[in-house]
């Protein structure tokens, strides 16, 4: 979203131009100084050159930027929809006290906002395509873009405003099930730590090919037999021949995954 | 347009289905016969299988068909815009007695309808893209298509209806300048007949490579010096060594281009 | 897919036309019968009317049809990806005996084919958009479509062929975890049967509003406290005042969901 | 193109990031300093946060920027195609001495490069749409974008490079028919000056409505009867009652259209 804000600022700045250069852009009946004065009153910069119109690459730049913002919102919406599905259930969209569920199924709490946002992004994306088609006008000034822009400009700007507001509301009131997050991590019987085992083996001198083979055969069995990976590795003589019980246990520690969290936050949000 | 009508009929037929199969499509609470009866009342066929929704490939098929119709209208609109440009001027959109021209330029009669139709096609095309994105719903039944269809369905159906009506009006009242058509043909100093000369030479036994060279050198000169091609060919001894004056003159006859017009009309519109 | 086959047949049929009507479509140098004969040799029908080219709405129809097929494949691929995620795990793409997992994580068995197919559909969809832009050519015969079609025709036809083959392979070897399907159904503590309870209450004379309220309050508690819905309803005097223990138990039967399976199969695949 | 260069610089800068943060972006097995060092060696900045992948809004930004550049090239190509048509003929693509014309028509010099560029822009535009669909990946890191990017990245970057080179070559060798430009201006019998007459009348005190009516009736007649507008106005007593012969003649001067050309050039290219 920081990137999108930067993109939007650039897209907006290059759009904030005006023109008053006459029907063919020659200032034949109106001095360029009038354009400068009029634009200043409107908070605009004069377009350095114009025809009957301002060139539509500016508008397409603006609308593709809105499509990028919409797609970024969609990415978050897709994430929320995944996290809310019954089998995952790590988050839930807030459900008002008075709010009724699905008409057929009283228990259902659907990710209605996230689904709505996912769809709306398709509209903004489609409109960006139409905006790009508006660029190659005949003689740099036919009027075929006009009927298009009467739809895509209000639709896209209103939609992105709505999407930003709705996403903010969803995130502000998001119900987060931290316990479920940990439980889901544990669903894999420790398989999420397989890479740490692989690295520990290679650091202990095992050739990577062999280490991979050892880990994979235990990982596969763990997966198929729903047995903790740590247990299987502890019973594998080739593995225990190289890694001590303590070294093996250390591989199943979540701590390394959390060690750099503060660094990452500082990189994104500043110190 | 005959093809589009056939496409539309197929697209409409596959859309005219209904469903009443319950929240997960199992008819758990409602016998399939109820669906059959309800659909019959609505003039619909029951979808053979459905989930909470009817699958969106049907709707995408419908909207891509509208985009094909819109693009075909756009093709005609682009043709009219070309034919109306000042330097060509073979047709003009009718201009009402009371209608004012451009606000700045009282003489201007712009192809406003054709430009409008060109733009609107971009909207219908963009909506078809959004409809295609609606097909891969999660578990064949998420609701993300809903926010999209609330826009693209009314917009695309209304737009195509409007476009068809507006195109019909334009064509009904189109001003055709037949004299200008002939004049434009003559702009080329007879170059449009160069292929007939080429064929006449090869039929008279000249190797195609040589014939091409002879015609091209005269064609180029005709083009650059604004001299009738027939005149230059008549003065070219290599050409006249093979083609008599009468044979050469016959190459500049428009008749062969018109000989099969009735055949073509019969093929398109029936005998 | 049955619908797609029908669409493809229609799209293919309308594409299988040829033309040999000369540079401006007038048959000036070549009798229409030559076109008929030549087309017959190629298994084509003559286009009833043509310019220098065959009109591009035919090609756009063909490519939007491929995009519909690709989107339908994408829908199945999205379904498989969902079903394969660790927390759901109802199916898995087959994993060859010799196949290595992720390079970093030896245990990982990703839905690589389904993800690949999901992406490829975006390409075919994008190409359909370009094909639609090819329709409004200048004077119904400029050559701007040529550079486009050299890419989108081989790309889209090869991609859809590849996608169909790859999807078939995935489905042929799909590992299905039926036990896990049942387990996932049970994850909801019986909430999936809430609609049956609601209907039973209303059939027993409870006003729908009240019935909804009774079911919802128990459904909510079941969801939040991870308690079987049946248990909670059995302890709710308002509910048990209307429904007997047997009537309540009947609501939690899966049988009604399976009662019409054979009917549905017969509707889709024939008796 | 100056705007496009600025857009490209911004798009490129935000793409030039790298990541080495591990399979889930936690730096679990590799200190962030390694990422910083590795990126520095590659001339990249570390992405402040990453998952298994770098977020695809960056790539979509890059590809929509290429689509903007392609659309701007298309705009110029469309202009050249218009200017080259037989009835306009203000410019021509250069035609090599050895180059053959159309195989059927030896005289034809088609705007082959401009038509090619028009088509290629559709491909780059379509690819930008696919890039936007790549943004909302599952859990911010599925791999469905991979199969898409293997096509759209090489295709779009190579195409835009080719388009820029080809457009440059066309413009470097463009044949400009200045005489024909003047002749085309005169095709309108002076109607292009109607706005100057309108303004002169209003400046002389005629109400705008009346002035418009006077000019339009003469403009219409000029257009329909192919008579110079100046001649008709000179014979219109209402007009001559207000404007002297000299004042009327001044309206038909091209000079005001050229008065600010240097100002415009300075605004675009610098003093």
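Some notes on this structure:
All chains are identified by letter, namely A, B, C and D, in their written order; residue positions are counted from 1 within each chain.
Rule of thumb we're sticking to: a contact is a pair of C-beta atoms (placed from the backbone, for glycine too) under 8 Å apart; a residue touches a chain by one contact, two chains touch by 3 or more.
Just so you know, these numbers come straight off a predicted model, no measurement behind them.
Contact with chain A and chain D alike is made by B, C. Farthest from chain C, judged by the mean position of CA atoms in each chain, is D.
At the interface between chain A and chain C, over half of the residue numbers appear on both sides, which makes the contact a same-residue one. Our note on geometry: chain A versus chain C, Cα centroid distance of 24 Å, whole angstroms.
Chain geometry summary: the mean Cα position of chain C and that of chain D are 39 Å apart.
Among the residues of chain B, those touching two or more other chains are numbered 23, 104-105, 118, 125, 129, 133, 138, 195.
Judged by the touch criterion defined above, the protein chains are all mutually in contact, each touching every other.
Chain B makes touch with chain C in their complex at residues 3-4, 6-7, 10, 14, 23-29, 31-32, 46, 48-49, 55, 57-58, 60-61, 64, 67-68, 71-72, 74-75, 77-79, 82, 118, 121, 125, 128-129, 132-133, 135-140, 195-196, 199, 256-261, 263-264, 267-268. The residues of chain C lying in touch with chain D in their complex are 22-23, 81, 102, 104-105, 110, 112, 115-116, 118-120, 122-123, 125-127, 129-130, 133-134, 138, 142-148, 151-152, 155.
Chain contact summary for the complex, chain B toward chain D: residues 85-88, 100-101, 104-107, 109, 129, 133, 184, 187-188, 191-192, 194-195, 198, 212, 215-216, 219-220, 222-223, 229.
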